[in-house]
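Each of the next two complexes has chain A plus one other chain: chain B in the first, chain C in the second.
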Partner chain A sequence: MIELTVAVIQVLLLVLLAPLASGVTRKVRAKMHTRQGTSIFQDYYDLAKLWRRCEVQPGGAGLVSRAMPPIFLGTMVIIAAGLPLIARACPVPLLGDVITVLYLMALPRFMFSLAALDSAGSYTAVGGVRELLLGVLVEPALILTLMVLALACGSTNLGVMADSVASLAAYPPVAVVVAGVAFACACYVEMGKLPFDVAEAEQELQEGPLAEFSGPSLAMLKLGMSVKQLVVASLFVAVFLPFGAASVATPLGLAAGLVLFVAKLAFVMLAAAVIENAVMRVRYQYLGRYTWFVFGLAALSFVFLVIGI
Partner chain B sequence: MLDFSLVNVLGACLIITSMAVVLARTGRVSAQFYALQSAVLVALFVALGAVTGSTELYLWSASAFATKVLLVPGILLFTLRKVGDSADVDLPPKLSPMKCVGLVAVEVFVCFVAVSGIDLPTAAAVKPTLAVALAHFFIGLTCIVIQRSIFKQIFGYCLMENGSHVALALLAPQAPELVEVGIATDAIFAVIILAVMVCRIARTTHTLDADDLAELKG
Partner chain C sequence: MLELMLLSLGLSAAGAVLSLLLMRAPAAAKAAACTLGMGAAAASLASGVAAIGSPALLANLGGPVPFADLTVLFNPLAGLLVAVISVLALVAWLFGLSYFNEYYDKGVGALGCFMNLFVASMMMVILCDNAFWFLVFFELMSLTSYMLVIVEGDEKSFKGGFLYLVMAHIGFLMIAVSFFLMASACGSLEFAAFRATAFDPALATAAFALAFFGFGAKAGIVPFHSWLPQAHPAAPSNVSALMSGGMIKIGVFGIMKVCFDLLALSGGQLGWGVLVVVVGAVSSVLGVVYALGEHDLKSLLAYHSVENIGIILLGVGTGIVGWACGNLWLAGIGLMAGLYHLVNHAMFKGLLFLGAGSVLHATGTRNMETLGGLARLMPVTAVCFLAGSLAISAIPPLNGFVSEWFTYQALIGAAMAGGIGMRMVFAFAVVALAITGALAVTCFVKAFGVTFLGKPRSDAAKAAHEVPASMRLGMAALTATCAALGLGAAWFTPIMSGIAASVLAAPAMPAAAGTALVSLETVSVTSPLLIAVLLAVVVGACALARNAANRAHGLKVDPEPWACGYAPDVHMETLASTVAAGVRGFMGPLYGIREGVNSAGAAVAGVFGRAFEAGACGQGTAPAAPSREQRARVPLSESVMSVLRSVGAWFSRLEGGDFRTYIVYIVGALVFFLALIILVR
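Our next item is the complex of A and B:
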C-alpha cells in the first residue's frame, strides 16, 4: 500500500511541479538577459487558458494526431510512477526496469514524429525529423551508460542500481563515475534544452510538431514536455545521485527523502537552466559532433568497466 | 581503502586527465591539465608506496612533484609566452574530439588485452593500472599524430614519459632513486630541448603548424 502511495505522490509531484520548473527556467533566462520576465507561475496560467479553448485540427490529421497528446503525457506519468525517487526501491517494480524505461522514453518520441508527419504540414515534418535525429543520436549513449551501470550493480532494476550506488557498492567506481558524467550529458540532450532543441519562441521549426496543435491538446503537450524535462532529470538524480533517498520505507524517512529529492532536482534543473542560457542553438547537421562525444565518454566508461577500474 | 584498488582508481584518473590534455583547445589549458595529471601521478606513487611499503617510492614522488608538477608545466608555459600570441599554438587537432575519445577507449582496451597475457607476481593486483601505463604510450603517440601544432606535440612526449614512469613504479617499486633519475627524471632535459626548438622554429618560420613545416624538408 505504501508503495502505491509513494508512486502517486511521485506522479503528482512531478506533474504539478513541471510548469513551475519551466516558469523558473524562463525567469532565470529573463534575468540572464537582464529582462524583467514573466511570473514564475505563467505556465499554469497558459495551461489553464489553453484548456478552456476549443480544439482545431488540420484537415488531413487523423487518429495519430488526436491520440498523441494523451499518449505523450501518459507515458511520462507512467515513467514517473516507476522511478525510485524518494525511496531507494522502485515503488512499482514492474515499471522500474531500465529496459522498460528506455522503451517508454522512445514511445513518445515515435508518436511525436508520427504526429508531425500526420498533420501534413511541411514545417512540422522537418521538426519531426529533427526530433527523430536527436533520438537516434542520443539513445546509444543513454543505453550504453545504463548498461554499464547495470553490469556494475548486477541488476537492470533501477531500485537495485540506486541502492548499490547509494551504498557505494557499485564495483568499478571510476567506470560508474564516468558513466554518470556521460549520462548527465545524455540527459541534458534528452531534456530538449537549448543547444539541441526547443527554444522559447514558437516558430514552426523550433517547436516543430507543436505548430498544428491547439486547445487542450496543446496544453497536454506543453505540460508533457515540461514533465519530460523533470522526468529525465529525475532519472539522473534517481540513478546516479540517490544519496539521501529513504532506504527503508518509514514515513519519516520518506519525508526526508522527498525534501532531499526536491532539493537535488531543483539543483539539477537550475544548473541546466544556466547552461541553456550560456549557449546557442546548433544547426542540426552539427548535432552529431556533441552527441558522439557523449557516446565516446559512454564507450570509455564501458572500457573502464571491462578492465575493472 | 588503502589498497591496490586506490592505485587503480588513480590510474583511471590518469587516463581521464591525459584525455583532457589531448582535447584541451589551448596550449595553456593543456599545460594546466598536464600539471594536474602529474599531481595524480605523484598521488599514485604515494599510494603505491604506502601499499607496497617501499620507501623509495616516496623519494620518487618528491622528485616527480618537483619536475613534473612544477618544472615541466612551468617550462611549457614560459615557452608559450616566448612564442607569443601566434595563433598557431592553438591550431585545432586533425581528429574530432569524439574520435579522440573513441580512439583512447580502444587503446585502453587493447592494452588491457595485451597486459592480461602477462603473468607477473609483482603486477597481479594492479593489472588495470599496468594497462593504463601501457595505454599512455599510445595516447602520447595519438597526441603527436593528431596535433597540428608542434607545441602541443610536446605533450605527447610528456604523456608517453608519464606512462613509462608509472610502469616502472608498478613493476620495480624497490628500484633505487638513481635508476629512477636515469629513466624518468632526465626526461625534463628532453622537454627543455623541445621547448627551445619550438621557440626557434617559431622565430625563424613564423609558424607552428606541422603541415606547413613539412614543406621545409629536403
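Our next item is the complex of A and C:
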C-alpha cells in the first residue's frame, strides 16, 4: 500500500512541478540575457489558457494526431510511477526495469513523429524525423552506460541499482563515475536542450511537430514535454545520485527523501538551464559529432569496468 | 499427432494435384488449393501444438530408397516450428482466397500447386531425421519457393529468383558437406547415429561452421542476405509472408538442430556461440540500416527480416555460450529469447507482408513515394499495419518487446557471468541491439507514416479501397496473435522455456511468475500486461479529459496544414527519401559495406550463370547464345542479365506445364546424393 502511495506522490510531484521547472528555466535564460523575463508561473497560465481555447485540427490529420497527446503524457506518467525517486526501491518493481523504461520512452517518440507525418505538412514532418534521428544517436550511449551500471550492480532493476550506488557497493567505482558523467550527457541530449534542440523556440524545426496542434491538445502535449524533461532528469538522479533517498519506507524517511529529491532535481534542472544558455546552436548535421563524444565517454566507462578500476 | 501430420501432408498433396488438374479453370483451382491448403494447415497446427507438450516421438516410415529410411523426429522444437508455419500458412491461404484473384491470368493452378508443395516440404524438412531425406526436402523447399518467386514472370522476378536459387544452392552445398563430414565419421546417414557419436572437436567445429553458414544463407544472415530484398518482394505477398515469416526460420531451426541435437555429445564450444552472437549483431544493425534506405514497401520488410534473424541469433548464440560454459540459466534464457523472437517475428512479419499485399492489391504499387493517405481509405489495413509496426519496433506491451526484453537480459547476464573477452563481445551485442531498436522505430515511422498518413500523392492512392473480407480477416488474426503473445507473455513464456529445456536436455528455467516476466540472474522483472492496463487507464483518462475540454470549448477542422505561409502543395510532403537522407547523413559508411557485399553476390551469381549457360550451349538448347569468344568481350553485367533471361525462361516453362525438366532436376539431385553416399561408404 505504501509503495502505491509513493508511486502516486511521484507522479503528482513530477506532473505538477513540470510547468514550474519550465518557468524557472525561462527565467534563468531571461536573467542570463539581462532581461526581466516572465513570471516563473507563466507556464501554468499558458496551459490554463490553452485548455480553454477552441481546438483547430488540420484537415489531413486523423486518429494518430488525435491520440498522440494523451499517449505522450500518459506514458510519461507511467514511467514516473516506476522510478526509485524518493525511496531507494522501485515503488512498482514491475515498471522499474531499465530496458522497460527505455523502450516505454520509444512509444511517445514513435507517436510524436508519426503525428508529425500525419498532418501532411512538410515543416512538421522534418521536425518529427529529426526527433527520431536524435533518438538513434543517443540511444546506444544511454543503453551502454546503463549496462555498465547493471554489470557493476548485478541487476538491471533501477531500484537495485539505486540501492547499490547509494550504499557505495557498486564496483568498480571509477567506471560508475565515468558512466554517470556519460549518462548525464546522454540525458541532457534526451531532454532536448541546446545545442540539440530548443524546446520552446518557435523558429526551430524540432518544435515543428507542435505547429499543427492547438487548444487542449497542445496544452496536454506541452505539459507532456515538460514532464518528459523532468522524467529524464529524474532517471539520472534516481540511479546516479540516489544519496538521501529513503532506504526503508518509513513516513519520516520518505518525507526526507522527498525533500532531498526535489532539491537534487532542482539542482540538475538549474545546471541544465545554465549550460543550455552558455552554449551555441549548432547545425543539425553536426550533432553526430557531439553524440559520438557522449558514446565515447560511455565506451570509456565500459573499458574501466572491464579492467576493474 | 503423427496421424494428423500425415493427414496434413496428404491434404497438401491433394491440393497440389487438384490445383494443377484444374489449371484451365482458375477460380476452381484457386478454391481447391486454398481450401485444401487451409485444411492441411489446420491439421498440422493441431499436430504441432500437440507435439509441443509431448515427449519426442521417433518413427520410421520406411520409404522408397533402400539406403535411407524416411525417419521422422517429432519433438517440442519441431512442434513449435510446425505450429508457427501452420499459423502462417493458414492465414496465407485465407488471404489468398481473395488475393489470388489477381493471378488468374498468371497461372494460378501452378501457383496453388507449388505453394501447397512448398508448405508440405517445409513440414518435412522440420520433421526429417535422416540426412538424405532432410537434404531432398530442403532442396524441394528451395525449388518450390523459387517457382513462387518467379510467378510474376517479369525481368525483376527472374533476377531476384535467380539470385535466390544461387544463394540457396550455396547454402545447400555447405549443409550437405557438413552432413557428409558427420556421416563419414559415424558411417550412417541417420541423425540418430550422428547424435550418438562424439565427434572429434575439430571435425565438430568444421561441421558446425559449415552448417551455420549454410543454414545462415537460407536464414538471410549478412553477408548472405542480398537475395532477401530481391526475392521476397517478387513473390505474391502472402507467399512473401510465408517465406519471410516461415521459411527463413528453418535456417535458424537448422542451426539449432545441428548445434544442440546432432553435435550434442561433442559438446558445444564457446567459439560457436561467439560466432553466432557476432554475426547476429552485425546482421541486425546492417539489416535495419539498409531497410531505411528502401522505398519499396516489400523490400523494406525483407531487409527487416535480416535484422530480426540477427536478433534471433543473438538469443540463440547466447544460449550456445551458456550451454558451452555449463551456465544453465544463461543457456535456457538465451535460447528461450531466441525461440520467442522466432515466433514473434513470424507473426508480425507475416502481418506486415499481408498489409503490404493489401496496399498492393488496393493501389497496384509498392512504391511508398507515390502512396500516402491510405489510412482514411483502408482503415482496417492501417490499424493492422500500425499494430505490426509497433510490435516489430519492440514497443511495450506488444510481443516484440517481450522477446527483446529477454534478449537484453540474456546478453547482460552473459556479460555479467563472463570474463573480459565475453564482456567485450556482449557489450558489442547490446549496443548493436540498442542501435537496431532505435533505427527500427525510425524505419517503421517512415513505413507507416509515408504510406498511410498525410495526403494521397497519386491517383492510384486516391482511388484505393478497403480489401475484401478474407484478406482483412487474415490480417486481423495475426494482429490478435501479436497482441496475445505480448499481453499473455507470462503464460507463453513457460511454454517457450519448456521447449528450450527440451532442446538443451536440461530442467526448464523459471522465467515467469504470476503476470510478471522474471530474469533471475539480472534480478529484474517486467510485466507487459500491467503496462497495457496502466496505458489503457492513464491514456484513456487523459483522452477523456481532453475530449471534455474540446466539447466545452469547440473543435474546428482546418483543411490545409500550415506551410510557413505558402500554399500547401502535395510536393511539399515528407517522403521516404527524406527520412533515408537523414539516416544516410549519420550512417554513410555502413551503406558502403552493402556495395561490396552486393557486387560480390552478383559476381558469384555471374559465375554460376556462365556455368549454366555453358551447359545449355553444350546441349544446343540455347540457339541465340553467343560464342565463347564473343561472350568474353560482353561486359559482365550484360552477360549476367542475358543468362538470367535465358535461365528464367527455361524455368518458367514449368509454369506452362513442362514437368520433364523438373523431373530431370530431381533425378539429377538423386544421382548426386547416391554418388556421394557411395564415396562415404
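Just so we're on the same page, the second predicted complex is superposed on the first by the 306 of 309 C-alpha atoms of A that agree within 3 Å, B and C clash if a C-alpha of one lies under 4 Å from a C-alpha of the other, contacts with A are read in each partner's own complex, and residues count from 1 in each chain.
Just so it is clear, contacts are C-beta pairs under 8 Å (C-beta built on N, C-alpha and C of every residue); 3 or more make two chains touch, one makes a residue touch a chain.
Please read these numbers as outputs of a predicted model, since none were measured by experiment.
Once chain A is used to superpose the two complexes, chain B occupies space next to chain C without a clash. By the touch criterion defined above, A:150 reaches chain C but does not reach chain B. Looking at the shared chain after the overlay, A:306 reaches both chain B and chain C. Ranked by how many residues of chain A each touches, chain B and chain C are led by C.
Looking at the shared chain after the overlay, A:174 reaches chain B, while chain C stays out of its contact range. Put simply, if you stand at the Cα centre of chain A and look at the Cα centres of chain B and chain C, the angle between them is 90 degrees to the nearest 10. Shortest separation of chain B and chain C in the overlay equals 7 Å (C-alpha atoms, whole Å). With the contact threshold set out at the top, residues 302, 306-307 of chain A are in contact with chain B in one structure and with chain C in the other.
Per the touch definition, chain C reaches chain A in the complex via residues 373, 375-376, 386, 390, 393-396, 401, 404-405, 408-409, 412, 415-416, 420, 423-424, 427, 430-431, 433-435, 437-439, 441-442, 444-445, 448-450, 453-455, 516, 519, 522-527, 530-531, 534-535, 538-543, 546, 549-550, 553-564, 568, 572-574, 578-579, 582-583, 585-586. Against chain A, in their complex, chain B makes its touches with residues 8-9, 11-13, 15-16, 19, 96-102, 104-106, 108-109, 112, 127-129, 131-132.
By the touch criterion given at the top, residues 51-60, 62-64, 67, 69-71, 73-75, 77-78, 81, 92-95, 97-100, 103-104, 106-107, 109-110, 113-114, 117-126, 128-130, 132-133, 135-137, 139-140, 142-144, 147, 150-151, 154-157, 160, 211-212, 215-217, 220, 285, 288, 302, 305-307 of chain A touch chain C in their complex. Those residues of chain A that touch chain B in the shared complex are 173-175, 178, 289, 292-293, 295-297, 299-300, 302-304, 306-309.
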